[in-house]
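Chain IDs A, B and C follow the sequence of writing; residue 1 opens each chain.
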Amino acid sequence: MAKLVIHQEKITDAKALAAICPFGAIQEKDGKISISAACRMCRMCVRKGPKGAIEYVEGQKKAQIDKTKWRGITVYVDHVDGVIHPVTYELLGKAKELAAKIKQPVYALFIGSGITHKAEELLHYGADKVYTCDKPQLEYFKIEAYTSVFAEFIKKIKPAAILVGATPVGRQLAPRVAARFGTGLTADCTILDIKENTDLVQIRPAFGGNIMAEILTPNTRPQMATVRYKIMDAPKWNDTVTGTIEALPISDDKLKSHIEVLGVTKKKKEQTIDGADVIVVAGRGVKKRTDLKMLEELADLLGGQTAATRPLVEAGWMDPKKQIGLSGRTVRPKLIITCGVSGSVQFVAGMNHADTIFAINSDPKASIFKTANYAVKADLYDVIPKLIEKIKTGGKVL
Amino acid sequence: MKPYKQITEEDLKNLAKIIDRERILWKKEINEEYSHDELSAGQHYPDIVVRVTSAEEVSKILAYANKNNIPVTPRGAGTGLVGAAVAVEQGIMIDTTLMNHFLELDEQNLTLTVEPGVLLMELAEYVEKRGYFYPPDPGEKSATIGGNISTNAGGMRAVKFGVTRDYIRGLEVVLADGTIMTLGGKTVKNSSGYALKDLIVGSEGTLAIITKAILRLLPLPKKNVSLLVPFPTLEQAIRAVPPIIKSKAIPTAIEFMEKEVIMDAEKYLGRKFPDNQADAYLLLRFDGSTTDEIASYYDSVAQICLKQGAIDLLIADTDERAESIWKARGAFLEAIKSSTTAMDEVDVVVPRSNINDLVEYIHNLQKQTGTRIKCFGHAGDGNLHAYILKDNMTDEQWKNALSVTMGKMYQKARTLKGSVSGEHGIGYAKKEYLKQSMPAEALQIMQGIKKAFDPHNILNPCKVCQ
Amino acid sequence: MKILVCIKQVPGTNKVEVDEKTGVLKRNGADSKMNPYDLYALETGLRLKEKYGGTVSVITMGPPQAKTVLYEAFSMGADDGALITDRKFGGADVLATSRTLSQGIKKFGKFDIILCGLQTTDGDTAQVGPEVAEMLDVPNVCNVQKIERVEKDGIVVDMDMPHDIETVKASFPCLLTVQKDIYQPRLPSYLRKKETMKKDIDIYTFSDMQDQDEMKYGLNGSPTNVQRIFPPVSDKVQEYLEGTSDELAAKIYGTLKQKKFIAG
């Protein structure tokens, strides 16, 4: 077993050495060093400490796997009742790019009930082969049954890498599969690359996005990664298809489940602004209450919510629960578009952690512009109807 | 008293010679928010708003106003609750929010010199980043320090650390005739004549306009732990306060809250409070260097609370836990506001030994008058915030209900040896009650002081003692 | 009903930085706390116990000082706890952590329901729950946003899916990961804290594991390797846009599309 060996005689400054450990696992007592169970084997002490003071000793070597026996990049097809989630296409795009580098095929794994006729679509996005498992027992997502199918697929096809969308389904399915094969799974990758030896280079944020980590899975296969929606770019829909569709056989006893779906209810549209990804905010630049309709339309088109600044809430134009600011709600959406908001400190404190901030205001000196990523000097009554029109005609919105 | 001069285009021109026209708001350029503060009912627009950037500008404007008999109302962020920053006589409004610079951090003397427009939240961030602490902690974090000084704002930490006046070492002020004057300084002690600086603090802009303040800082406590203490009744909760204060472990804050108000906050914030087992709670906060050190303080307090009938003590020792309580506490005002059609507030303060009587009285008053009253407040310093709610009343009924309930509350506060305002000030809204509660002679002295500072009565007229 | 809640000690703040020169992780302060997401799992366990009876146990894996989160759980109402700690577990990734945890759970006892938080604030992977379920060979339901009821042989819960809420019944034993805000977590009780501060906990080391293959734990048992860490590149821009309303609408549209708020 790999371990750290301490050579006390090579330590000049024990306190300084102890301070190197980011996990506080090195203890110093009377000039002597010891390592506690807090050690995460990051080996920072080996690299940053005095030369030779702490030595990393490899244990017995693990048998190396034969990577050439694992071929192809697989994308798990995320869908609801056969309607394919667009993250799937984005992953197919990435898979194609990676597969081209190592000259291997791209597979798609499509599990469900009554889905076979939808598989063709995946070929148009560049899958070389789509494996379908179409069974009535697979109508709803049931973790054990889906894991079994996935495992059958892996045993049969032996893909080098598998990409799964970080959706509510992918996020529970991928770890179960990874655990079954004792392989590595890297969550929420933002960048993916591949080496010639088919090692997947996975980069992901950690500590709430405060740091990035580059991760390899060097000695197990398949390598698995999940990727969030809207991170990768979807490829163009291709008119001609070259790939094929193949059914994956599975025996019924493998589809048993200890989970029973009792009912499915449509989710109500998110009503609170706290958890909304997209927020369109009305400020005092909105002249009439009825004009809020326009902002609601924009918010609807972007799949978001409307909110307001304090004066509008006080005027009774919007529910106090939709007020952003120190005395209202604090929000952290991916996108916020403020319309006719001047940007009081009070307001800004409630929204300045949004990922992307558009501010539309006709006053070039509006203080909201200091906070905005995109300061749009315009009358909201001119620009918003045009933006709405463009979205409506320019492309469908997810 | 001769009537004030009506402002004309001519005045605008003259003022534009003193400060950039860009920083002057005139007639239609004046936003609606300048016509009121956070709570006052009526709307009064100033004729002109000047957004000043220096003491010299303030000086020139005041000299001009003094000569021409134009009333001047100073205003910070407009977060007051008694109409002090509302231009009831129109005239010039001096907006100090652009004077928002940190001028000097003196780490030898532990002082920070700031302009009046610095916001409380900016101030806290500035000093805490550098390992210091400005103790006064009023709930409204988007208020300016100038406004805080003008009302002698208190806040939750008053129990242990006192109020704004205790942290003002020196002030630069502009007098009504335009004279710029420095009062106090960086010295810790001062025994040199009348304490004019202390007189300015809490004078609500009626004596002079503050253009600079030297604040006293303390080293920042590294950790804090809050204790939420459920009691079967409010009476038991408040009875626990005097013995807590007598004990050696002084909490930085002692707040009380009732289930009803907590439920309003839950509704307003759309999130649950971490406890619901009791009708009344005390909320205590302790500062110290480590969590263990703090735990050693609150042990004795825990024994006191349990002896007084506390059901338990709940420990909020992480940011998330503290936030789940304090976020609700911070939303009380807005939450109550959103639970009714209109409201007015009473900010009385009584000796802390008497707060129980006052709370009980208000509870009964509610039953007596049929008017909904919600209260919460600083149990540790005897300062109670009671909100009278309009609900479905007609304007006429509301007016009556207000004058009856307010009159009774202030009357009760008087018999309990209290004062009209603990921390919100008198402004325009509460001056009648101040008159009723003070000996006529004391009021006369106040008026005399006002006259000595501002012979032509141009500074924030119709406020406080006028 | 026997309920187990998996908890973890995490840094008090995740405001960490990477020293750009050395690539060393800079942690501000040595403070630690219970993973905030685990508080929801623990609260769920306690509510189930209050309503249906039974016991709530807690288990954690980490350095010896991680036992403080067990005591914190006791002060919130947990009945007993176990700490899994050994230098041999150091350097574990998701797989090795899940393996150690599942081995520890086997040692600790048999449970009807195992509860986990959605994710941790330091790793953010949200994978340990399902991996533990796989290793224990029990069904799991993730993203549980509501407990409907407990039946004789299973529990009925609402699972939050992209467009729907699925009401599912999981038979015992099962593992659930709960969402934030399923319940507002209670605060630790002073009285409980005093009562439980000397409570015994079980401590499991490598020798207590059923699977004695050293190659399956810690760094050796971790298929993933962190090659390097680096600070994220900030893509925050500050652009000032002027022009005709047509130009501006086009520009906003283009940016929204590029940032994938609009498809196509």
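Throughout what follows, a contact is a pair of C-beta atoms (placed from the backbone, for glycine too) under 8 Å apart; a residue touches a chain by one contact, two chains touch by 3 or more.
Fair warning: this is a prediction, and the values are worked out from it, not measured in the lab.
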- Item | Pairwise touch network: line, ring, star, complete, or other | complete
- Task: Taking CA centroids for every chain, report which one is farthest away from chain B.
- Result: A
- Message: Contact counts by the stated rule: is the higher one at A-C or B-C?
- Response: A-C
- Message: Can you compute the centre-to-centre distance for chain B and chain C, using the mean CA position of each chain? Integer Å is fine.
- Response: 43
- Query: How many angstrom lie between the CA centroids of chain A and chain C, rounded to a whole number?
  - Reply: 17
- Note: in the complex, chain A contacts chain B through residues 272, 274, 284, 311, 320-321, 326-329, 344-346, 349
- Message: Which stretch or stretches of chain C touch chain B in the complex?
- Response: 12-13, 33-34, 36, 39, 75, 181, 183-191, 193
- Listed in rising order, the residues of chain A that touch chain C in the complex are 1-3, 20, 22-25, 35-42, 44, 48, 59-60, 62, 80, 85-86, 140-141, 143-144, 147, 167-169, 171-176, 178-180, 182-188, 205-220, 230, 257-267, 278, 302, 334-335, 356, 358, 369, 372-379, 382-383, 386-387, 389-391, 394-398
- Message: Give the list of chain C residues in touch with chain A in this complex.
- Response: 14-18, 22, 24-27, 30, 62-65, 85-95, 98, 121-135, 138-143, 154, 156, 159-171, 174, 177, 214-215, 218-220, 222-232, 236-242, 245-246, 248-253, 255-257, 259-264
- Which part of chain B faces chain C closely enough to touch in the complex? 227-228, 271-275, 302, 306, 312-321, 324-325
